[in-house]
Structures are given as C-alpha cells and as structure tokens.
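Read through the structures below before going on.
Shared between the two complexes below is subunit A, which has subunit B as its partner in the first and subunit C in the second.
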Partner chain A sequence: MSGMYGEIALELIKELDRHKGKLPPFQENELRQALDEMQILFEQNQRDVSMNIPGNPEFLAALHLRHAALERNKQCILAYLYTRLKVITDLRWDHGPVIPAEVRANMTEQEVQFFANYNKTLANYMGSLGENHGLDLTQDLKPPKTLMVEIRVLQDYGEFELEDGTSVLLKKDSVHFLPMSQCEALVQQKIVEVVQKQKSLHQK
Partner chain B sequence: MTSKDLRTAYNPNYFSIESILASQTLVPCRTEMRLPKFGFLVPDCNSEDLPVGTDLELPIWAARVLCRPRRIYVSVDIPPGFKETHREVVEEDPTAATVDLKKVNVNYYEAGHMCTSLFHHDAGELAEMLPEVLQQRILCIGSAIGATVERNSPLNQDRMDILEEKLFKDAKDCNESLEDWLQPFGVPPEIEAELRRPPPPPPSPPKQVTHHHQQYPHRHTHQLPPAPAHSQLPPPIYGNPYAHLQQSGSTSPYGTMSMSSHQGLGMPQNIAHQQIHGQIQSHNNQGQYPHHSHNMYMK
Partner chain C sequence: MFDVRDMVNGQWLLVEEEAVNCIPPTSAKMLVEHYRRDFIERIVGHRLIIITNQDVDAVCTVKILTTLFKTEGIQYILLSCSGLTELKEKYDEYNSQSDRCLLVNCGGTIDVLDLLGNPPREKLFFILDYHRPLNILNYYNATGQVVIISVLESEENIPEIDEIFREEPPDSSEEEDDHDDDEALDANGMNERQRRKTERRAQRQLYTTWVKKREHLLFTYREHSYYSRPSALYGLEIAWGMSRDDMESVWSAIVSLTDSLVLGRLPRPKYSEYASTVNDHILRISNANQLPRDCLKIRFERDLFLFLYRHWSVYDSLKTTPYVVSTLKTWSQDGHRKLKQMLAHLGLPLSEVKQKYANMSLDLRRQLVEMFSSQVVVENYKLPDLVFGSFVAEIGFRPKFNALDVQLATLALLEEPDPNKTEEERFLLAVQGLDVRNFEKGGIEKAKGMMKQVNNQVQMMVEMKLVQEVGPFLFVQLTDSMIDFNYFKRPAGIPLLANFLQHAGIRAGKKGWRQSPWLIMIPYDQEYFVAVGVQPGAFEQADKNIFPEVFRCIKGKMGEDVVADWFDGWAILVKNQKRQVFADLLLALSE
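So, the complex of A and B:
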C-alpha cells in the first residue's frame, strides 16, 4: 500500500465536488476499494490489539491512525451516498416523476429503487391533501405573478393538448401565450422557457 | 431545489462535502518518536518504520489524532497559509487587493477553523484572527452589492472563499428581491431610501472596527455601523487544546477575546438587569399572586 489512507474514498468526494448538484456515474469500483481498505485496516487493528496487551505507545500510534482512517473512510462513503440521494430527491422536484434517461444511466439499482419509493411516498402524500382532490406540491414552486404567461419553445415538442381540449403545436423558437398552471411542467423539463419581462425598467 | 437541508446549512455537518475537503488540508508534521509501520507515509523511506525527527505532511483529520495533549506522536505546525507571517499580512488589511484567500485555501475559514483545533501554540491567535478578518471583509463585500466591482479589489469573486461567495450571492439575491418588491408599490422616495442600503462607501478598510463601542452613537442614523465583534462567529466548537495549561496558570488564548467584546456593553446591561430584577421583587412583595392561586386550588 502506498500513500495516505482514505485517498480512494476522498476521490469519491472530489468527484461529487466536480459535479455540484449533478449526478456523476456511480463509482462502484472506488467504493469497493474503499470498503476493502476499511476491511484491511480493521483486521490490522484487531491483530495489533491482540498482540500488544500492555500498550506499547509506539504501536498505539499506528492503532490511532488506522482508527482515524476507518472513521474517515466511513464519513467519506456515507457522505457520498447521502449526497447522491439528495440529488436524486431534488430530481423529483425538478424533472417530475420520470427520470431523464441520461441520468438514469448513472444510477445504481438501489438508487432507482429509492427514487421509485420516494415517488410513491410523495404521490401518496400529495393525493391525501386537499379533500380527495389531491394537490400537486411540485407546481408553483415560485409564486406565480399572473395566470397567463408568455413562453418560448426551446426544443421541438409537437402537439400539446390543453385542459380545455384545444391543442398547440410547440415548435422550436415559437412563442405562445398559455395558462401558467399547464406549462409549469414543460418549464421544469426545460422544453419551454418563460419570456422574461424587461427588468431594466426599474434599474436606476 | 428543495429548502435548506443539511448540505446547504451554514454549520458544517457530517455529510458536508466542503467540510470533508477542508479537513484534507495538509499539515506539516515531525515525528517525535520512532513510529513503527508508518514507513509508507513517506515516499522515499525504505524501511517499514519512521525514525524520530522525520518531516512529513498529514491531513488535518490524521494530525488531530496523532498530536494531542496527552499523546504526542508527531508535533504539528500550522499549515503555511495560516502561519504567522501570512496571518500578519491578512490582519494588516483584510480587504487589501493582495489578500487572496482562495489561493490559500478554497474553504479558508473552515480550514482555518479546523487548524485552531491543532495542538499548537499559535492556534489561539488564529482563532482570534479569523472572525475579525471575516467581519471586516464581509462589511466591505456587503456594502458593494450593486456597485461595479473593480478587478483588483477584494470583492473580486476569484479571491473570495466559499463562505464569502455564498454570503455575497445571498446578499445580491436579497437586494434584487427588494428591488422587485419595491417596484409595484410606488413607494415614496424617502421611505425607499430608508429601506435601501446606504450608498456603498469606497472599499477602503473599515479600520476603526476594533473600537466598535465608540460607534454606537451612529446607530440611529442611516449609516449602518460595523457590527460588534461578539456578534460574529460562535466560539470554536473543537474543544480548547489549552484546557490543561490553564490549570497550571498559563493564560488562555480565548480569555482576552471574550473580555474585550463585552466592555462596550457592560454597564448599561448591568443597570437594566438590576432594574428588572428589582421590579420583579417589589411586585412579588406587593401582590399576593402565589397566595391566591394556592387558595383557589385548595377550594
């Protein structure tokens, strides 16, 4: 073994730091290596403890260092898993109940399962609100200023049917005037964007 | 993004990526005894053991464990960026253009905070310096919201550490929200002027901060006085490595800090406290509240 303990686990953390708020591919190899390192550290400590019952201070140093390294690895691994799960729960609010394919490719089986469970829990909760009507909490995350909103289409989408039965053709770069409540989901999926009003009016 | 959760909370927590990275800051160490099985830590050491007096670098999380008041396997030094020479430069003028916190450490304050838990005689001084520097820089950063930022000023985001960047961004967002909120109401200009921050002073160092108790007469004008020192960061949470030294008569590195910060407010607080206390006592003597209630329950 060369280098300091905990370097591999730190790589996991660095990878997350490089992709802030995003979901990089799950690094199963590094995770396994970090776990293996922990196993080795633990076994070495077990052996040393059983050998040095009187407590030789020189050997205790190695014992302390290994124990700290164990804790360190544990913290890195847990932080890695926790941060990923947080990103995944944020996905639900940003992209709705379906994960984009390119993100799903970076998730493990267990994470997909977690997302499904989270989805179910959230759906159950939202369904229980508002006297049997349910309430979509993911809508109107920012308070709407107007009922109707002007949107610009960012990518070709095709026919989009409104609640009153009429449909609009969402073609790239076309501009529409739609009810806010119905295009919220499209905004979240980055298919359309809200046309911003001129802000410079009141900048003195 | 959901509401503030563990990741974005100000206080570092177990799962905080930034905190983990900050605790990887390397600390120069020197072995104080022969350390068996430590050979792998130094690349050009061929034996399995490390002899006495070997220089090596350990991350903070490891150095903290190997150098403690009662078990000193290695002696630690303060990391270069937080050393006395560098500290003097920063303390001299925290808002000077030459101060580049990001270059020292991306997470300057947190790494520095962790260094204060090292068993080293400079740790106390460092602990005193960090809140002071943060305070002066934040005042300067805060007053520059909305103003154009010069390339070489400390307000350049390239020279801010993570904490300052976050505060800067929050302050900017809040300022924008205020603008948006004021707009539709057509607030009279004199009220608007009151709600708004005063025009940003030139980003010269507010050096008078150390005499903050003299600033209080300005409190009711629109000019915001610098906040008193004791309203800043909470005291370090990593236990005082000098606790055992205090018992043997040495002065605490933290003692002077708490003394000076209360001098400005000491007297008025005492008087107010006595008055309130007196009122309560006299009230108790006159009124028969306890007596009454007692009878009520008896019936």
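So, the complex of A and C:
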C-alpha cells in the first residue's frame, strides 16, 4: 500500500466534487481499497492493543494515529455514499419518476433499489395530500413569476389537449399564450419554444 | 380625371343587393364604446384567436395587445395571414378552439360573416381595422356578432340604417291573383281592391325610388378607399383603458403612426394631430412614475426626415431618402451637384457627412436639425418638409434612435425576400424586432438594403424612361430582373416604392403627369405581376384612392386571371399573359 492513510477515501470525495450535482460511475475499486485499508488499520490496532500492557504509553501515539485514520476513512466513505443518494433524490425532483438510461448506468443495484423505494414513498405522500386529489409537489419548486407563457410552435403537432378539457391546435409558426404547466413537456420535446422574454439591460 | 360612375354595371353591388330584403338589424351599430366593458370583459375567460394582417401597423398592434393580454392573463392564439383566402383557411382550422376572434387590420371592408361561412351565433368577431370604408354589413349586422373597435371620424359618412335596409313590400301582381276569385263581383270590393291596388302601387313606387337612392348612397360611400387612424393607437387606448399602458406600448404606437406617414396612409395634418395625442400619453406616463435611468425615454422633437441617418452616414441617407432624391433629382449629374452644393451652403464638410453619423463631430450633429430647417434649404432647394415632428427614444446612455428608423427596420424584417422564411415567421420576427432593446439586430441593415433597392428601381425607371402615357393613365412596368429578391411584393411595403416612383417620375417627366393616376406593374413571380394603382399626388398628400373600386370591377370581368386577395384593394395580382386584357379593360373603364 502506498501513500498516506486515507488518501484513497479522499480521492472518492474529490471524484464527487468534480461532478458536482451529477452522478459519476460508482467507484467500486476505490471503495474496496479504502475498506481494505480500514481493515488493515483495525487489525494492526487490535494487535497492538492486545500486546499492550496498561500504563505503557509506548504504543499509544501510533494507536491514536491509526484510529484517527480509521475514523476519517469511515467519514469519507459515508459522505461519498450519502452524497450519491442525495444526488439521486434530487434527480427525482428534477426529472420525475423515470431516470434517464445514461444516469441509471452509473448507479449500483442498491442505489436503484433505494430510488424505487424513494419513489414509492414520495408518491404515497403526494397522493395523501390535497383531499383525495393528490398534489404534485415536484411542480413549481420556485414560485413561478407568471402562470402563463407565450410559446411559438416550431413544428406541426396537431391537437393538444389541456387540463381544462379544451384543446389547442398547434401548427407551425402560430403563437399561443397558454398555462405554463402544460407547456413544459412540449418545450422539452422541442415542439414549441418559449418566445424570448425581454432581457434586462444589465445582462447584456 | 375619369369617372367610375359610368362603368358600374351593378356587379360590384352584388353583396349588398342580396341583403336588401333581410330583416333590418335590431341593434343599430356595433361599435365598441367602452373598451373595458365592450371588449375586454367579453373576452376574459375565453381563449382569443387573433388573426392579423401582415403589415407594420399590425405588428405594432399585436405587440401592444399581446403585452396587455399577458398581464391580464387572457389566453390567445396568434395567427397572421396575408390575404382573404388565408384568413378563411386559418379561421376554419382554428374556429373550433374558441368563440372569440379578433381581426387586426383585416376584414373591415368585407362582409366577415359571409366570408367565414355564417358562423354560429355564439361566435363573436372583433374587428380592429384601419381600412376604410367599413363594410356596411359589418357595421349593421343583424346578429350582433361583429363588433368594430373604432371611433368614427367626421369624414366617415356611413349611411343611416333606414337608408339601406327596408323590408320589401309585397309584390303587387302576385297579390292581385290571390284576391281575384274571392271578391270578383262585389262592388264594394271593387272599390276596396282598386284602393288597395293603388296603395300597393304607390308603395312599390316608393320602394323603387328608395332602392335607386340606396344604390347611389352605397356607391358614393364605397367609391373611395382610404385609411383611418392606425390600429395601434386603438391598441394603446385599450391598454390605457385597462391602466396597463407603458412607455413601450406608446413606442409601438409611435412606430405605427410613423409608418402611416411614411407610406402615405395619413395626410400630414392628421399625423400631427395624432402625434400630439401620443405626446400627451408620453407626458402622462413619464409624470406618473419616477423613471429609473436605464428605462425607455421618448421625446417628441423636430427631427430630420432622413431615412436611417443615425445608423448610416448623413450623405448616404440624403442620397436614398425618397423625398430628397426626387426633389433634387439626385439620379442625374445635375442633381448630384445640387446636393453637394446644398451641403456646402449649409457648411457641412463632405468628409464629415460621408462618415458614420456616430463619428461625426458633436457640434455638427447638434446643429443638423437647425441647418436643414434653415431658409436656404426651404427656399433654394424646395425642401420644406425635411424636418418634421418626430419621436426620438433613448435608453440609458445608449445612442438615440428614432421612430422612422424603427419603422423601416420593421418593414424590412416583414418584407425581407428570404425564401427560407415563411411569411408568418417573418411576421413573428418583426414583432420580436420591435422590442426597443434589440431592434438594431438585423432590421436596420436590411432596411438599408431595402432603401438601396428602391433607389435602384427609381434610377432604372428614370434612365430607361419606363413611364408610358396610356390614355388617362401613366403606366410603369418594372423589369423582372430582381424578381427573387424583391422587397416589394406585398401591400405592406409597396406604397414606399410606388409613391416614390410616382414622385420621381413626375419630377423627371412632364408637369401634366401630376394630375394623372399611375399604374405600376411590379413583377411578382413567374405567373403573376402586381398591379398597383396610385392616385394622383399620392406622394405629397395621402388621399382617397379610387383604384380599389376600379380593380373590383376588373376582377368581376376577368375572373380567374386576376387574384384580388389582399386586404388593400389598390394592389392586385394579374396573370402575366393577361397584361394586355387588363390594360384594355382599365382603359375601357376610364372612358
């Protein structure tokens, strides 16, 4: 084993930091190495303690050092795992119940399991709100400035049904002023675009 | 001057003729009297279909109204169309979506209900149109479905309702048969019958004279076409009525007002009148709120009637502005010398005027307006209108810009001959381009190209002597070398070219040409050309135009060979092969 104690665990944290807010592939090797390191440290400590006679300060400093390294590794690994879970829960709020395939490829089996559970819990909770109607908490995370949005249709789409039961015909180059909540999906599918809002002078 | 009266054979009256016998409408007129009550409150809670013409005024109006609807939270669908067929197409596609429809600058002069196939009663149509005269059947409509957003002006003499609608008395001959058998021998009945008969005959007589009078009335009403207040001014007033007006809607209204002046839709006195109302709005708004430094500020001030000079050099601008070009005849060597002479007289060094306006020395820039309004220019060079009351805007410390340039930029965006963009796309681009913070982006450069093209056309017309005297008309046939990249194919931009051609033609040609109507033929595509009728003196003074009525007549005779689809009647499409037929008809009608 090369380098200082805890170096590999730190590498894990750095890796996450480089991909802030995203989910990098799970570093299984590094994690295992860090755990091995902890195992070795623990065994050495165990040995020293069993050999040690009480009141003899000879081994105490080494013991302390190893223990600190051990604790640090533990902290780093937990932080690594926890942050990944945090990213996964955030994904649920941003992208909805279905995770994009490329993100899913970076998740471990347990994480997928966690996500499914989280999904279920959240759905149960949202269903219990708002007197039997349920409430989609993931919408309007920030209070919207306007409820309506002006959109321009980029390609012929045909009839689009709105929540209130009425439908709108979306044809190329027509402009519509519709409730924001209904248009988000259309914007993501690049069928419509939001008509440019005025930029303030300072941004330019 | 020719008289259209002789050439009318009743054909053009057909539409009204059918309606004579219908029951007179119960409600007298359908004008919006109170914007909030009669317009906004009737569309709140509905989705509004806005169908708009594609011209600068419509761009401005749409800009104002959509901003208003956005703040009021009124859902809308915005569609633009270039002519009657497209209007009908769009309506058919979308009519299931809503019961409320707003027509901007289209539909006022035609019977909307008839065109759209007599829609069911719950559909309401709001018409905001500057084309005049209004169609009588829109004004008096029996079902109350058509609502016109307008304030009638004194020159709009819409005939009274009982002068146009009256129930037809029963046909006398028919009734006679009915009664013959019953009362055949009764002496009293004889008398009675006689009496009734004469009564009926008198009624009949009265009716026929009434019909004649009606025809005459309608004819004089429809004979001349003209334009009233720009729709954007109504848009501004609606926004004001809802207390939602701001500087930017005022600016849009100004651009549209300037458009009316530049394209000769409004006479100058009218322009000044409306300009002063707009100025009142500016004062009211800027007094009402404390404005931060970087917001839009507009001032009404005397400015040069030179196209795009703030974004070009003064010299280039002088050489392309129609008013200067045709007055000084700068297409000739002589005129060129005159222009330079004038600059020398004013003390403007060539090196200064030939560089970009922004780089000119500050002292000169400040004196420009004063210089060009001096006695020298007015008297020696006969350019009294080179300085006019206009609006200049600025934002923060950025360079000022004036309404004239923005108008031209918008027009250029709208009429840009780019085959990759559909007309609707260009319309939306123009609406975006009107945004005060980024209007410079492409419109200005395109406007320069457009002005250069106008000047080329004029130069060509003068050099190749394209003006022909044909009967009472003057024909100008533009060559089709520039068919693919022509800015002037649709009524929104054509007046700029047509009026300029007329003025330049008169200046280069004979004095007598001043009194003649002009017919300008612009190549449109492989199959059609645009025939544009310009009334005498259109350049100096916007006036009523008789051509729409003439063209309607010709359309009646030529049928499929002529496409009269545009909302502006003075321009129609004629098949290239039928040019001679068209010209002959026109001449025949004028005799």
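Going forward, the second predicted complex is superposed on the first by the 154 of 204 C-alpha atoms of A that agree within 3 Å, B and C clash if a C-alpha of one lies under 4 Å from a C-alpha of the other, contacts with A are read in each partner's own complex, and residues count from 1 in each chain.
Quick note on the criterion: a contact is a pair of C-beta atoms (placed from the backbone, for glycine too) under 8 Å apart; a residue touches a chain by one contact, two chains touch by 3 or more.
It should be emphasised that the depicted structure is a prediction, and the values quoted were computed from it without experimental measurement.
Enquirer: Determine, for the superposed model, which of the two partners subunit B and subunit C contacts more residues of subunit A.
Expert: B
Enquirer: Determine, under the contact definition given at the top, whether A:Val195 touches first (subunit B), second (subunit C), both, or neither.
Expert: It touches subunit C, and subunit B stays clear.
Enquirer: Which partner does A:Leu178 reach: the first (subunit B), the second (subunit C), both, or neither?
Expert: second
Enquirer: Tell me the contact category for A:Pro143 with respect to subunit B and subunit C: first, second, both or neither.
Expert: In the superposed model, A:Pro143 contacts neither subunit B nor subunit C.
Enquirer: Give one of first, second, both or neither to describe whether A:Arg72 is in contact with subunit B, with subunit C, with both, or with none.
Expert: first
Enquirer: Report for A:Val168: first if it touches subunit B alone, second if subunit C alone, otherwise both or neither.
Expert: Second partner only.
Enquirer: For A:Gly158, using the defined touch cut-off, is the partner it touches subunit B, subunit C, both, or neither? Pick first, second, both or neither.
Expert: neither
Enquirer: Once the complexes are superposed, what residues of subunit A are shared between the subunit B interface and the subunit C interface?
Expert: 202
Enquirer: For the complex, give me every residue of subunit A touching subunit C.
Expert: By the definition above, subunit A touches subunit C via 146-148, 150, 152, 166-169, 171-179, 195-196, 198-199, 201-202, 204.
Enquirer: Along subunit C, where are the residues that touch subunit A in the complex?
Expert: Those in contact with subunit A are residues 47, 66, 69-70, 73-79, 93-94, 96-97, 294, 395-396, 422, 424-425, 428, 432, 435, 437.
Enquirer: Can you check the complex and tell me which residues of subunit B touch subunit A?
Expert: 1-2, 5-7, 14-18, 20-21, 24, 33-38, 40-41, 43, 58-59, 61-62, 64-66, 71, 73, 179, 183
Enquirer: Contact residues on subunit A for subunit B in the complex?
Expert: These residues of subunit A touch subunit B: 1-6, 10, 13-14, 16-17, 21, 57-62, 64-65, 67-69, 72, 75-76, 78-79, 82-83, 86, 89-90, 93-94, 202-203.
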